[in-house]
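Chain nomenclature is as follows: A, B, C, D, E, F, G and H, assigned in order of appearance, with residue numbering initiated at 1 for each chain independently.
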């Protein structure tokens, strides 16, 4: 479908994939004035295990079907999630993986970007909890689907004030590294 | 200079709670159950802020009973639940219908029967909503598909409840309940909000809670000097039990007739490309979103497909359906159950081919699945 | 003159209580059978209401289903004849939505303690301000004499035709343990004591439970070979109970299986539920 | 004795439409003022009445009242 | 020398209790409610005499739960109720259906909705029986019209419950429940009594309570060494909860299919003069007795009238109806409600004129009323 | 040789308890979150079952819905995962239909005391032989942290976001007043005491209620600012309770709002329900 | 309907009308080998007030409609019951009334028999409770719908042994008086 | 000292598939035998173990066992 941009954030429970989806949707729909729908899969025993959140973005109009049909960009922070969920990525879509976690990279008609997201969060920022924010920075830059400004506003609106700086930094790392990745 | 409207990315369940507040809901009594829990959680936070009341009762039965009690005391009242809770509330729901006490019941549908699949979406409580309580009971049920629509339909549900003095259901499935979309909260006054009619009797002693002068008699709140009686037994216009067979008959028919006679006011449907539709899809809730996608694709392929999306599922929109299906060779009914709404469609359209598309594996119906069925008829 | 005055004085003392002021006279006679204790309980309750001086429009009387639950139909208040077992839950909604109302719940032992047991214990726990009057006749009257949770062991009923083998509840003990702040017991036979107890119960702020031992001469009486309504009252309500004052001077063995009458618990320190809610609202609204 | 003669008797009203004939008032009247006549309580010994009001208080049917 | 059969004037409710005993019922758990009370009362007397158990539970929910528990322990189990009790039992009924635990539920129908008219007859729980619990639930319901038939249909209900491992309803109205007719109790063996199937697994560990090898897997009683799991959640063949969408789907469909696939075995209908009937009356329960009278009168008047009397109302006897209606100009559906069975008749017979005859004033439908409608079509 | 014997002896003492004998190993790991007390309760229960020496096939373990109610799925008995609040009613049916079975009911505070409150008090009243183990974590775990009837006043939950304003039940007091013949309390922290208490509860004939204070670190813990599972256990289960022995030497004020642990009631005189039923059957069958 | 004999027993609650109906049905169906259906009206507040029981008797086959449509014989022990229920008596049917209770005798195409039933029970047998049994005797003889023997067996099967003689006498009074009434 | 040398150390088994890393065993071990390593309990001071079994008894996940 033409005016329909599909994103999937996947990882394991507790890695903040749903929050990533929400922030992405808010960046697009509140701060960039697009239309967005965010949804997630949610099992009764989803404690642990693979977890995913999806965001559909459109420039205009209503988004009817809220789930991914042909993914433009997918993030996978774990091997399990990557293996389980990559199948819906569309031709020429983007797969962003954590290079330390996902060793078995799926084959397909899509572009794979690989980056040590979690290790960067731990190493450069001392908090693996911001892996999802780094991811958001990466994706914003890689896809261009939301503006940097909107993304920053969306992130900061969702995190406690005490962590503003940390998250700003995480996001910036994402932006910067994505530019490098694209350069490759 | 009107202030900017609040625009917020909200979960469906949150939009529901916000819609209730907009409609003037001041009372919530319920019991938590997945996937409706957030509605109560949000209201437990917000109601005290406006001086309203939230109470988590000991069970769903108590939740429904207290909701009715709150309404009798004059407050717009709400409860929210899911499948097993709906089953438990049925006896009290029948009471509200019989005693004509307005209230709103949210059912965020999950996989059934029994505990089933608590976190999976479903549309399998359509018939339980209509027929769940014993006896012949009037039922109004609305079925939003989009998060902003959950907001507006919740407001409409309160309006219908007050206008028709009856319990009104808002039914949506787990997908929409937990999905997030942007909702722009209207300013006060922007959406119609119907408040409870006031009695016109001059003398409080003359007040009759089931006054036969009216199709829908005004309900005076408890505690304002109208001292009347309320019972779930068959009753006379003064509210007292009766054994008079004429009055029993009249009472039983009246509560159904007030809905039947006002169907056109209660119905709400969205039609997409129905005028010339040869393949009509009849779908509500999340399935309607997939259907919308599929119908659009089908049109692109040159198929004369159309969508009728009922926002009111009870009373069943038979006339709109008949109209929309006037050119249809086939009516496709995708729903997350094993065949419920499709039965009503069949009954409404004798002679028309009707094909149900049913899914009960905890996953939504995809546009592709619907398209596949549409394609059969191109 | 002096004589006249004396007569006047006397008349004043002896003007019978005017129940009509509270009754929906057109609805009488009530459906209760000859000798049914429910009427005596109702009369005691009306006198208590009068003593406290409640405004009729401020009263919501709620009930469930049962003979006793027909009470609200006869009195000129805001009356709610709800569903079997649910009266307290309905009443909780009314009270919380409109805390200025005075709530009376008139229900049977089956209504309160069998099907309604859960709402009963939770209302006690919450200590919400209402007065629950249990018309405790140890039987299901309305449905024709089935066993109830207060039927004594060994007693006959249509569903214990070989003699009841189930232990009975001590309703007051359950209420106390569940958190009710006022708990009392009296009987239809002791209708003056009952009036006093009910007066105190209504005046008490918080959950008040009054178990009234009364009699169903038709179903309980006949099946258990009581000769008449008065015989039942004599045996069950009079001989089967001791007053709190008497009980103090008796050992547990001496009391035996007789029930103790009077106010068994009266705790004025606990916060009432609607008050607690008001405090909460005040707190969060200030914060806001 | 003038005092006895002067004694003002109470008036006991029994509403036959309300009385269901349960005999509670009769059985518990301390001075046997009342008696059942068929299915209706009746006054048979008014002079013995002490105005104790027990009959009224215990009548389940709002049927008997004692006036001065 | 076979002993004389016991021949006794019995109330319908008594015949029901006797039927249960004949069928081998050893466990009753319930809560009294008019007009079904006598069933429990009689069993409270009789069950202990044969070493069985009667328990009056604290409410209807407990009654249904304990009935299921008793059945899991291997006893044929029964509960009896009426409208409000049915509403309360719905959640547990769904559990029995989902977990496939056989049991029999008697509903002596009274006037609804809500407390309605407790001592009046009614047939207004037909839809609540089918659709009352949330989700898509398999339902078998039998509808006797005569006191001796209550006996035989109660036996059949137990048979169906055990054979299909599912809750089975016996529905009749207050008129038949409280009416007296002569019942001749058959000797043991005279009527078929189906007992619970035994598992064939050699190794108790291999036992699967939802063994996919069978359409209806045998249910081993608790306490005999088969240590399995039972849940109301969607489950696998070993009885444990599953999140696998294929298995969820399969499980949900299987419990409906076992009924759908065996409709012919479950159906039972009486036909009177249907072969050439131009005016067909479709009626069950006490209304069928009036219809029988009316049809006989109509035939006397030369009208080609016929009666189809379903003894199984769920699954709906659509094929027998279609057959019986093959010559019908009109199908008349008299029922003590405001239109329930008639909806199914309409759906089953597109193009055929269907006329409902409904009465909800606490009185039975008379033969004269039916005759009047028949006369319109002569 | 002597050394070898010593070692042997030691080994005997230290062979860890073999839980596997009772577990459905294929179903592990269980769904409980890291640090959830439910696993500790289950382990104590399995040791108690072992001590009593129950035959696995004789056990019916029933539960309702909740995290705690998932217990039956992991153990190799006749297991019944029923409906929220209904476990005791289902179990009543199983027990009465087959009195030779040993019934264990493993349920949450919400399951037992909120929605299941009525079945709870009535099973206590009947004194039917079963052991009800309440995993009392003061929260609804399964549904994500709502207030429960045992949540302390002031505590945070998703449905008491301004602090809980409702008084909590004393579950043991309610059980006692309702007629349970065995009532005890312990905690997951005191898992050895718990094992003993559970052993006594299982051995007791009649209704046994054991309230186990345990912890939901995820929902209760996080909302109420506990640092870790152990921190909760330390604060709530250890510091928040006193043993029965200690309590004897303390005044009510000294005990404060700490819960008393240990066996609180043990009445061996009452007739158990199924026994009473057997007596009834014997009586009527003789008559017949 | 030809083979359909309809009886109605009416009076006030507590006069044993339902028992009368049951005994009549048993006499016909158990002891006379006919077919019978007995039913009653049963109000939620039927404590006191008019009460009725109906019996339909047939020589053969099934009785479908169980309620009275055209009454062959009706008993009325109170004025209220008589007034309320006599309307369904068919042409040439029988109305049996208590002569002391029913003063306002309804007009119609039916034969009225009048007898002081209750007073006879009190006066001759000392127990008004057997009024219903006297009535059964009267009706058996007046209508001939059941044999005396069947009626006697049916009555005795339903009453406590201690009262066998009393009830036998009551029934006999009924038989005898009916013969006299018919003679009139 | 021979006795010390002779001391037979226990064997503590921690099943990494079952351990959920709650740290209860670590926090309550009286002699600090255990420590968290990432999300897994590990033995760091076996010689201090008194075989008190508290770690096993309190582990909610059947993950740790102490053998001789």
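Basically, contacts are C-beta pairs under 8 Å (C-beta built on N, C-alpha and C of every residue); 3 or more make two chains touch, one makes a residue touch a chain.
Since the structure is predicted, the reported quantities are computational estimates derived from the model, not experimental observations.
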item	value
Subunit G reached from subunit F - shortest hop count over touching chains	2
Least hop count linking subunit C to subunit D through chains in contact	1
Distance between the centres, which are taken as Cα means, of subunit H and subunit F, whole angstrom	27
Length of the line joining the C-alpha centres of subunit C and subunit G, rounded to whole Å	44
Between subunit C and subunit H, centroid-to-centroid distance (C-alpha), Å	60
Centre distance in Å when subunit C and subunit F are each reduced to the mean of their C-alpha atoms	35
Shared interface positions of subunit E, touching two or more other chains	34, 48, 58-59, 61, 84, 91, 95, 114-115, 117-118, 231-233, 241, 243
Multi-chain contact sites of subunit F, meaning residues that touch two or more partners	33, 83, 114-115, 117-118, 122, 149, 162, 277, 280, 284
Overlap residues in subunit H, where contacts from two or more other chains coincide	none
Sites on subunit C touched by subunit D in the complex	7, 10-11, 13-17, 19, 23, 28-30, 32-40, 43-44, 188-189, 191-192, 217, 228-230, 233
Touching residues on subunit C, where the partner in the complex is subunit B	27, 56-58, 60, 62, 72-73, 76-83, 86, 89-98, 100-101, 118-119, 122, 277, 280-281, 284-285, 288
Of all residues in subunit F, those that touch subunit B in their complex	65, 83-85, 114-115, 117, 140, 142-144, 146-147, 149, 158-162
Parts of subunit H lying in touch with subunit F, wherever the complex brings them together	8, 10, 17-18, 20-24, 27-28, 51, 53, 56-62, 65-68
Touching residues on subunit E, where the partner in the complex is subunit G	7-9, 34-35, 117-119, 146, 174-175, 178-182, 286, 289-290, 292-293, 296, 364, 366-368
